[in-house]
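Across the two complexes that follow, chain A remains constant while its partner is chain B and subsequently chain C.
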Partner chain A sequence: MLTFITRRLLFLPVVLIGVTLMIFVAMSFLTPAQLVSAYIKSPEELKNQSVSELVVKYGLDQPIWVRYINWMKNVLKGDLGYSVSANMHVTEAIAKRFPATLELAIFAVIPVIFGGIWLGTVSAKNHNQPLDHASRIFAIVGWSLPDFVFGLIILLIFYGLAGWFPPGRLSVWADNIILSGDFVQYTGMNTIDALLNGRFDIFLDALRHLVAPTITLAYLWWAYILRITRSSMLDVLNKDYVRTARAKGLMERLVINRHVRRNAMIPVVTVVGSMILGLLSGVVIVETVFDYKGIGLLIAKGAQQMDYTLVLGTSLFYGVLLVLTNLVVDVLYAVIDPRVRLE
Partner chain B sequence: MAVAKKGELLLDVRDLKKYYPITKGLFRKTVGWVKAVDGVSLQVRKGETLGVVGESGCGKTTFGLSLMQLIEPTDGKILYNHKGNWVEVNAKTIKGLRSEIQMIFQDPYSSLNPRMRVRDIIAEPLAANGVTNRTERYDRVESLLKAVGLGSHHMKRYPHEFSGGQRQRIGIARALSVNPSLIVCDEPVSALDVSVQAQVLNLLKDLQKEFGLTYVFVAHDLSVVQHISDRIAVMYLGRVVEMGDVEQIYNAPKHPYTEALLSAIPSPNPDVKDNKIILTGDVPSPANPPQGCAFHPRCPYATERCRTERPELVADENGHSVACHRAEELMLKGVDVGETA
Partner chain C sequence: MVLKKLIRNPISLIGLIILLGFILVAILAPVIAPLPEDVLARNPNADPYRIPRYGFASTPTPPSKEHPMGLTEGQLDIFYGIVWGTRTAFKVGLTVISISCLIGIIIGSVSAYIGGKFDEIVMRFVDIFMSFPFLIAAIVITTILGRGLENVMLAMILFRWTGYARLIRGNVLQVKQDEYVMAARAAGVSHIVILIRHILPNTIFPVIIQASMNMGSIVVTAASLSFLGLGAPEGYADWGQMISYARNWILGAPGNPLAYWYTVVYPGLAIILFVLSWNLIGDAFRDIMDPKLQG
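Now for the complex of A and B:
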């Protein structure tokens, strides 16, 4: 197991070079003049020097491999460059925005995993009965509804009409407290920080802002987990060892929980792995709809402004995250299924 | 074998039926029934082995699973002699009878949970049937593994680490764990190599002597059945067509179907000329069995009466029963088996 993990981690740099190289090549379609805009923090900078001087100054006239190596040198020093769109260093921007996305992901993942698996179990147990049909319709709707449409519906109902769950991350008053010196931001996740600071009112306010995006994210993935669990459960229910379990005289509950569900979890783990990754990176749309200032919104805005230092930096970050998540999933396989050997 | 015959009745199956509905259309309307088991009656005595034979699809596995209530029978009664009291085996009572009636399954590869360790597979029925002490359970597992020819070092392993024969031994140990009286063996060796088959069969025989077990042994392989059984029931299309002692069935079969089955047993002696009776046609569909005797379309001796009238299973004075109109007049060929062990 340890050799397996080590080997996979040794593979990490290869993946990262691949990812960044691809983005670099894509970036090379931009002219040096377009690229230089990423370095210009304010119009004043153009007063004393021309764009072509800046191009030379930042080495953008160099061939692509030279620029790549220069960028890599900085990365190895821990410098991902300065993001104009975020008006701060890329590392700083990630550190600031990622906790928000992580917080949203955590809130979405918990109901998704438990609810999805539970509903899938119920559905499989009542195969082809009304309960099964109902949960399947629920799943199909969730899976086929685009998240920006569903998000807007949620926003319309719960904010527009009811006024319960506003967009953003915090109300203005809470934001002011958080930014004041008295409030310590331990994790960057508002709910946890609020509890650690003993501010229950801020905790509730943060929670109120989390509800709508959580529902939007959860419904989509719920549908997916439900369907995977259901079909996997149905598959296992027909296995001979389930019949053996019944012959042993076990209670039906034990047969389902101990024999069927444990074996049915193997494909679910794969999906959960990619889901967590998706929640951490692909929530651009949901964060945009709800104006939730997480990393998705950061990337979306950066990309619109051709802020390629930001795009490169966050891609690198997600490359690392991807490799690590896949590693965890692969290790989990071995834990779940004794037939799997990690080599 | 003569001793086994004297044992008291343990199992009494009366007119057992299992029909599966054939559904059609949007609203799954039932348009017919597959009569997998269609009125099977038989008795099993304590300590004996009843072999149930027949070709694929004749309902023998369905019969075995019905005995265990793993399939709920459509009709009929299964009575079990529980310490002198007759108990009807049904969905309600089976919970209490799981420690009396156990089953060995056909496929040792798929019938063991791949995520459980051997000791837990074998110990689980104990926990389900009231042995709450874990050490006690594992002690029992250890002695069971020894009884089936495995060792205590196998306890912590997973099923995939074993060969087919070893896995079937695990399956046997699991069935034995609750100390049952009756074991339904559903083709327990058909998935194994011939060399391993003999080992497992001998193990089953040894265990029968050691623990005083009664077997209902479902199989399609006549040489296997002959090796282990005291009595044999031959099934065709969900019904018993002939039943009797091993010698009666093998030496002097009375049903043309049994004769054809026996003639198909391969002989190890190359000089013996094969006189295989090749049955024409396929097994008729159990959804639409032929009128009269179900075997008549394939029977070389069929008469007009066979086409119209269904023969009942009738026993002679020696306890050899057959369902054939022409049983008395036909002189059918058996095989020479001599004394069975």
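Now for the complex of A and C:
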């Protein structure tokens, strides 16, 4: 177990350097003049100095390896440059927007995991019966609905027609309260902050804005987890120890819950890593559709305005975040499945 | 044999029929939706992928006899866009799959055949590529290289080959120690010939099938980038772009939330059916390949 984790930890810096190299290589396709904004500390610098002066000042005329080391020094200090489109430092913009995305992702993960696993179990228990076929068709259709089409349909039905779930993060009145001095933003996640401030009305308003993007973000992975749980459950149902459990007269519910599901969860855990990857990509589309001001909308808007600094900085953040979550998932996997540790 | 099973299964049969429909539409696009004569009169070499415009008003126009699916934002003909968008979809999907599959097969099989340290390094490299969310990578590349379908395809190829490389590597590792490979080596056959003549024919097909089943997801990714305004240029026949035109009109007019339904329903339906057909076939395919799941 310990060697497994140590090996993963030793490999971590290699992957992280790989990710930074990838972003840096992408950067090197830009001309020094385009790159200047990634280095300046404030917009005033562009007013007071010419671009060519800045190129020399930040060593953009140096050989590539010198530039990489200089750039890495800045990155390690948390300096990702100044974003023209967001009108603030990239690090600041990420810090401001990330809690919103995290909140959305957390809300999406809960129905995905519980709903998907439950439906998958039901489907496997009723193998090849109408319920199984229905869930299969639901999964295929779900898997085939592109998120931007599905999101627009949800927006049309639940906002355009019914008027229930508006886009954005908060209504104007709630936004005004949050921005006023009386409301303390502990986490940046509106639902939690609202509860901590004892404002139940704001909590409900935040929740109302979260429903539609959560459904859009979740349904695709719901279908996926359902399918994986189903096939993995079917796999385990044929195992000898399940037959033994049944033969000794155990109640069917106990057989499913104790013997089958626990073992069937192992393949499901492996996809959690790619699910997090998918959710974090998904937010780009979902936040754009629902005008939800998180990190996904930040990068999408930045890309539309050709704000290289913002796009590169945010994607570096993304890369590092994913490497770290993958590490956590791998370790969790080893905890659940003893066979992995012995490899 | 596999095809027979696919036809016998009602789910995959529906998929095959829808797919056939799309293939026909793509092939017959110049017949189904020819460029209007006045456009051709002005410029005989006009690009058919440019959707013809019928005016300059931004508000969409509802379906009529001349324009069966209506005109979307900027008075672009929706029917024309969907028909030629089918060609765009196949063009993007086939290009990305064939090139990334080729790169993946070459790198993956050579890496597995050589083995040892080399293989280890290549696979760590693949790991790093795979740890990056694909859509974000595509956004980075299109931001740097500029908007355009070519750049979208390039971005997808750059980040798709890794999956195929990993797949073929596993297959090659399995057959590498087989007797017929050993025999060929003992007979003094060169490494390249062994790889091409003896190993690849036995390992390549699952990878190619897997790759073609990715058609749906590749087309969706390309469409998402167009939806974000990073893919196809303005007015290009592309489903994702047509949905992005619909975005501003999705909430309809005051008092009539469904006023502009046609701007999103038709292009949305086209892309959903396209992906659905591939997924129906793919799902049945997996069951055929994996007899354990058959009931």
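Please note the rule applied: the second predicted complex is superposed on the first by the 292 of 343 C-alpha atoms of A that agree within 3 Å, B and C clash if a C-alpha of one lies under 4 Å from a C-alpha of the other, contacts with A are read in each partner's own complex, and residues count from 1 in each chain.
The criterion applied here is as follows: a residue touches a chain if its C-beta (ideal position, glycine included) is under 8 Å from a C-beta of that chain, and two chains touch if they have at least 3 such contacts.
Since we're looking at a predicted model, the values are computed, not measured.
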{"item": "Fit or clash between chain C and chain B when superposed on chain A", "value": "fit"}
{"item": "Touched partner set for A:Leu30, first chain B, second chain C, both or neither", "value": "second"}
{"item": "Chain B versus chain C as contact partner of A:Asp182, first or second or both or neither", "value": "neither"}
{"item": "Partner chain(s) touched by A:Gly249 [first = chain B, second = chain C, both, neither]", "value": "first"}
{"item": "Touching partner for A:Val14 - first (chain B), second (chain C), both, neither", "value": "second"}
{"item": "Larger contact residue set on chain A - chain B or chain C", "value": "C"}
{"item": "Partner chain(s) touched by A:Leu322 [first = chain B, second = chain C, both, neither]", "value": "second"}
{"item": "First (chain B), second (chain C), both or neither touched by A:Glu44", "value": "neither"}
{"item": "Centroid geometry (CA): angle chain B/chain A/chain C, rounded to a multiple of 10 degrees", "value": "80"}
{"item": "Minimum C-alpha separation between chain B and chain C after superposing on chain A, in Å", "value": "8"}
{"item": "Contact set on chain A toward chain B in their complex", "value": "239-241, 243-251, 254, 259, 262-263, 336-339"}
{"item": "Complex contact set, residues of chain A against chain C", "value": "11, 14-15, 18-19, 22-23, 26, 29-30, 127-128, 136-137, 140-141, 143-149, 152-153, 155-156, 159-161, 231, 234-235, 238, 277-278, 280-281, 284-285, 288-289, 299-300, 302-304, 306-308, 311-312, 315, 318-319, 322-323, 326"}
{"item": "Residues of chain B that touch chain A when the two form their complex", "value": "65, 68, 70, 95, 98-99, 102-103, 105-107, 110-115, 124-125, 128-129, 158, 160, 171, 174, 178"}
{"item": "Sites on chain C touched by chain A in the complex", "value": "11, 124-125, 127-129, 131-137, 139-145, 216, 220, 223-224, 227-230, 240, 243, 246-247, 250-252, 257-258, 261, 264, 268, 271-272, 275-276, 279-280, 283, 292-293, 295"}
